[in-house]
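Shared chain: chain A. Partners: chain B in the first complex, chain C in the second.
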Partner chain A sequence: MSRGQGPTTTGRAVLFALPAVFPVVAVLGVSLAAAVLQSLGLMPFIGPPSFSVEAWTGNTGELVRATGLSLNIAATATVLSVCIGFLIAAYVLASPRMGWIVGALSAATIPIPHLIGAGAIGLLLSDSGFLERVLGMPAAFPALVGGPWWIAAITEYAWKESAFVALVVLGSIARSVGDLCDAAATLGATARQRVFRVVLPLAMPSLAVSALIVFVYTLGSYEPVWLLGPTSPEPLPVRAVRLFGSVDLTARPEAMASALVSVAVGAGVILIGILVVRRSREFR
Partner chain B sequence: MPRLPAPVSPRRRAALYTAASALALLLTSCSGATVGQVKSFESFDEVRAEAEGQTVDLWMYGGDEQGNAYVDDVLAPAAREQGVILRRVPVADTQDAVNRVLSERQAGRDDGSVDLVWVNGANFSTGRQAEVWRCGWTDLLPNMEYTDREDPLILSDFGTPVDGCEAPWHKAQFTFFYDSEAIADPPTSLAGILEWATANPGRFTYPAPPDFTGSVFLREVLLSAAGGADQVPLEYSEEAFDEHAPAALQALSEVAPSLWREGSTYPRDEQALNTLFANDEVDIAMTYGPATLTDLVAAGALPESTKVLTLDEGTVGNASFLAIPANAADAAGAMIVANIALSPEQQAAKADPAIWGQFAVLDTELLTPAQQDQFELLPESPIVPDYAELSRNAHGELAADWVPALSEAWRQDVASDR
Partner chain C sequence: MRVIAGLLLVLWIVLPVVPVLLWSVAVQWAAPAVLPPSYSLQSFSALAATDTVRAAGASSLLGVGVATVATPLGYLGALAIQRLPRVPARLVELTLLAPLAIPPFALVMGINVAFLRFYLLPSVGVVLVLAVTALPYTAFMFRSALATYDSRFEEVARSLRNLVANGPPCPGAPARWCNRPGILPRVPGGLGRLHRHAAYRRGAVADASHAAGVRCVGYRE
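What follows is the complex of A and B.
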């Protein structure tokens, strides 16, 4: 933030931002407020409103388990996406001709909706799916879809989100990295050294930001974990949607509590991420 | 350099106040909403007059291809002849439609986008609790005369009195089916099925409740474990639940290690179970829509060796209905559609296995001989026996309150266990 600007400039800036900011804040604010009210029993479908924290405290164990599971899935998917995404970006930069094809393939992955991606991964990895038929090993095929390690769901995230990470990284460093790599090569740096000493530090800020986005997205994402995960335990979004659609109208507050926990965790992660990015030297 | 928070300028404060008050306004406009008076009709002619030109949105489960085709190709043209445009809105689960009605009512909308819902059981009772259905309109429908007024399946829906809040559409019978190539000597009772599952590890599973089919299976196990359908009171009470549920949950926990994937996970819904069955991963599957089996086998989605498994003690049967939300924008048109759907011509067409194969809700004895012929001329399915045989020894559904209670207990005791 720069200082020394007069109050008029700030005022005008606020005014200009208002048309964009107001709808977002209003929609988010209203829906979050409604969710909080519903979770506290103050906006019931039937009967008079009565304040209760039952939805938050009634089944804390399950809520905590769901949160832990969601964090685990999101963290694993983020780490994988960032690593694979960076490798894709480095490859595209290193070998322009083949890299162009890889880059185009990554870009083509982005518009595929997660639901379709999850369906495709399901067809590929399920017990009697494409891969199993190609390999022809029914007995030994591991439980990837619906298995205890959420492998299919995490694979889906890693596939889609690594393409996103690669594109963000490429977009942010493609201009500056060429000359620096050339200079390093002239000074005798090996390909490996160029990737880890030149490309990686340059890519750090965009990696960090895209990692944050991927983490928060996968934390709140519903379709892949619902389609490819086991029945139990449930991540937060699956639990929230199941309870939201429950025929038991009194389950609605619990659904809202689950959804709000994922909002709070997401917001917390964003805050911490922003602080880390701002503090750390590498990212400036 | 340390960053200092900038003091809030008066202007910004004013902007904050504006935003806050706008938010408050939005919030208050959402709460305390009530639906206006429901316009009632005196006669069906009045309904006809009002319905002319209306577009009716029928919200229904969209996962049944034959059902979708029947509504689009048979029911909708018939409605158009009577001046009503019928639009099918597919939903993944009927709960989505009920949720939409609830949310619109909470937002105070009088011109609801849901005009007609294919519904029964727990969703109907949830809607009745929340008073979202229009009631007392089915007596207006001329075609109600073909139904048996004393038929318990039509009088009450999972123990909830129908009270004219929904018009009957079809009857259904919960049915197991098996792969006759894999099983030469199939079990003949539910307890037998569970024993078979234990003896043949990995070859049986059921959809995870709260899926519709999965929770029916849960209730069937409850009745079987209690020693028969007449042992469990239809009315839900905590005492009855505590008395009967533990045995069922224990039976399911005991069989779990022998299920597909050792019971560590379950298929999501009936379609997922059918996929397992078609891929030869399990040998017994189940459905509340046995009518669809004929078509699924003919289309190759299920193997040719698929056979229906009837149980000695019978299975549960129910009727499903068409309900109109109290805030429906085109209620009159919806009544016209519900009336057409009840006509002998439509019920007979719908009962044809090549079209949909849903069992009729009409009492054939009340029909004219010509109308009766329409039903007698229906082709027989090579796989599904007729309704009379399927529904032998059938029992009714437990009250709707059993459904969420059992699903929740199953999730706690059986699913999280492994």
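What follows is the complex of A and C.
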């Protein structure tokens, strides 16, 4: 079954592709086109259509601030997820018995939805939450939930996504890394050297790809930032959903503009990510 | 050192779940208390409430519906990516990955009014949108599974079918099954062609079985 054996095989492959490609193109196309039209006032929920760029130009400062905040949260969460995820993967590979427990526990958190994860982190980190009680209710306990640094929301992303990163890394290198680590150990490499000189370079491609996925997911994720962040300033998803659900139906175009900005930023990040991954020699 | 690192990682993974578990069995749990003063399983009775059961049923139905749509479509997409020439395969791949790049809230907000104007049934719309967001996962799971799939299996399966139909080409088979010069190949017309074709296929069987390292395991008597 090789690639493109002839016109018949290619024709059949096109028939295979259609049922998968058509729904994606239809849903994405209709959704993005409708969002653009709504942001320009050409497809109003009620009333006659009237062209306006007010949703894009009316409150540019807030839109830019929301974009910056979303990028910040996503970048911090991605860096933490990748570092902790790699540590989990390296630990699972380095210690057979305890590593198995860590790997199984970490994988068990993956099916937990982000909304439940956000609730759990809220119970843990909020004022007089579990952590503050364990620490003996110190007076100087910082505002982690709803505080200015988005710590609870970023922790939730890092908690959920580090398990995802570990799973991807383990899945991609578990088979090949054993022999190489054994060889390095025979040649006298210490555990630290094996982790940073053998496991890390092998894991780089899967780390890069999972970092890209985590970043884009975090950028467009709504529940944790809505539940655990302060009410102001708002990241893009929270702003878009708030305006979308507003009783004022004229806020819809602004909601669509926020949604489209997050789509554009996500697509831009993916394009840059793919280019960077392709350019660097390590990933070839 | 290694044990401490392991314990820290376990703590990182488990700690957020602890308050959820404790709250689920706590009766009352006021602020300074580290652990609930009394425990009860009463809150789990909410699981049997009609609303909860109905919601769980609806969620399961939705999950099954989306999986039923997205799994075969993902398989077809993965097959297409494997079989198409390079450039169209790349295009199909990018299209199937595209839903990952679009935040779910943006996808739903845009399509909401459009679905209303198309008079689409709400349940159909929800399954459609969720299936599209699930397609990148199903397609790429199948894709990585197909990547490790050796196409020689298919040749061998085809050969084994021929083996049953035409008899084995292996040494030790009864002489009448072997491709020996006989009367049939020399018969002009259909019957001879048929025999020559069968002999040719038997040769192909041997090659494919040999290539895949499959030994002849039995003969048709």
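Methods note: the second predicted complex is superposed on the first by the 268 of 284 C-alpha atoms of A that agree within 3 Å, B and C clash if a C-alpha of one lies under 4 Å from a C-alpha of the other, contacts with A are read in each partner's own complex, and residues count from 1 in each chain.
The definition used in the following text is that contacts are C-beta pairs under 8 Å (C-beta built on N, C-alpha and C of every residue); 3 or more make two chains touch, one makes a residue touch a chain.
Keep in mind that what you see is a predicted model, and the values were worked out from it rather than measured.
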| item | value |
| --- | --- |
| Touched partner set for A:Val25, first chain B, second chain C, both or neither | both |
| Of chain C and chain B, partner touching more chain A residues | C |
| Partner chain in contact with A:Ala34 - chain B first, chain C second, else both or neither | both |
| Chain B versus chain C as contact partner of A:Ser232, first or second or both or neither | first |
| Partner chain in contact with A:Met98 - chain B first, chain C second, else both or neither | second |
| Which superposed partner A:Gly273 touches (first chain B, second chain C, both, neither) | neither |
| First (chain B), second (chain C), both or neither touched by A:Met43 | both |
| Partner chain in contact with A:Pro205 - chain B first, chain C second, else both or neither | neither |
| Which superposed partner A:Ala13 touches (first chain B, second chain C, both, neither) | second |
| Set intersection of chain A contacts, chain C complex versus chain B complex | 1, 10, 14, 25, 30, 33-34, 43, 45, 128, 244 |
| Chain C partner contacts - residues on chain A that touch it in the complex | 1-5, 9-10, 12-14, 16-17, 19-21, 23-25, 27-28, 30-35, 38, 43, 45, 84, 87-88, 91, 94-95, 98-99, 101-102, 105-106, 109, 116-117, 119-121, 123-124, 128-131, 133-134, 137, 156, 159, 162-163, 191, 213, 216-217, 219-222, 237, 240-241, 244, 255-256, 259-260, 262-263, 266-267, 270 |
| Touching residues on chain A, where the partner in the complex is chain B | 1, 7, 10-11, 14, 18, 22, 25-26, 29-30, 33-34, 37, 43, 45-46, 127-128, 143, 146-148, 226-227, 230-233, 242, 244-249, 251 |
| Interface residues, chain B side, partner chain A - complex | 3, 6, 9, 11-12, 15, 19, 22-23, 26-27, 30-31, 93, 95-96, 98-99, 102, 106, 122-123, 125-126, 129-131, 208, 210, 261, 264-266, 268, 279-281, 400, 403-404, 408, 411, 415-416 |
| Touching residues (chain side chain C, partner chain A) in the complex | 2-3, 5-6, 9-10, 12-20, 22-23, 31-34, 73-74, 76-77, 79-86, 88-89, 92, 95-96, 98-114, 128-129, 131-132, 135, 139, 151, 154 |
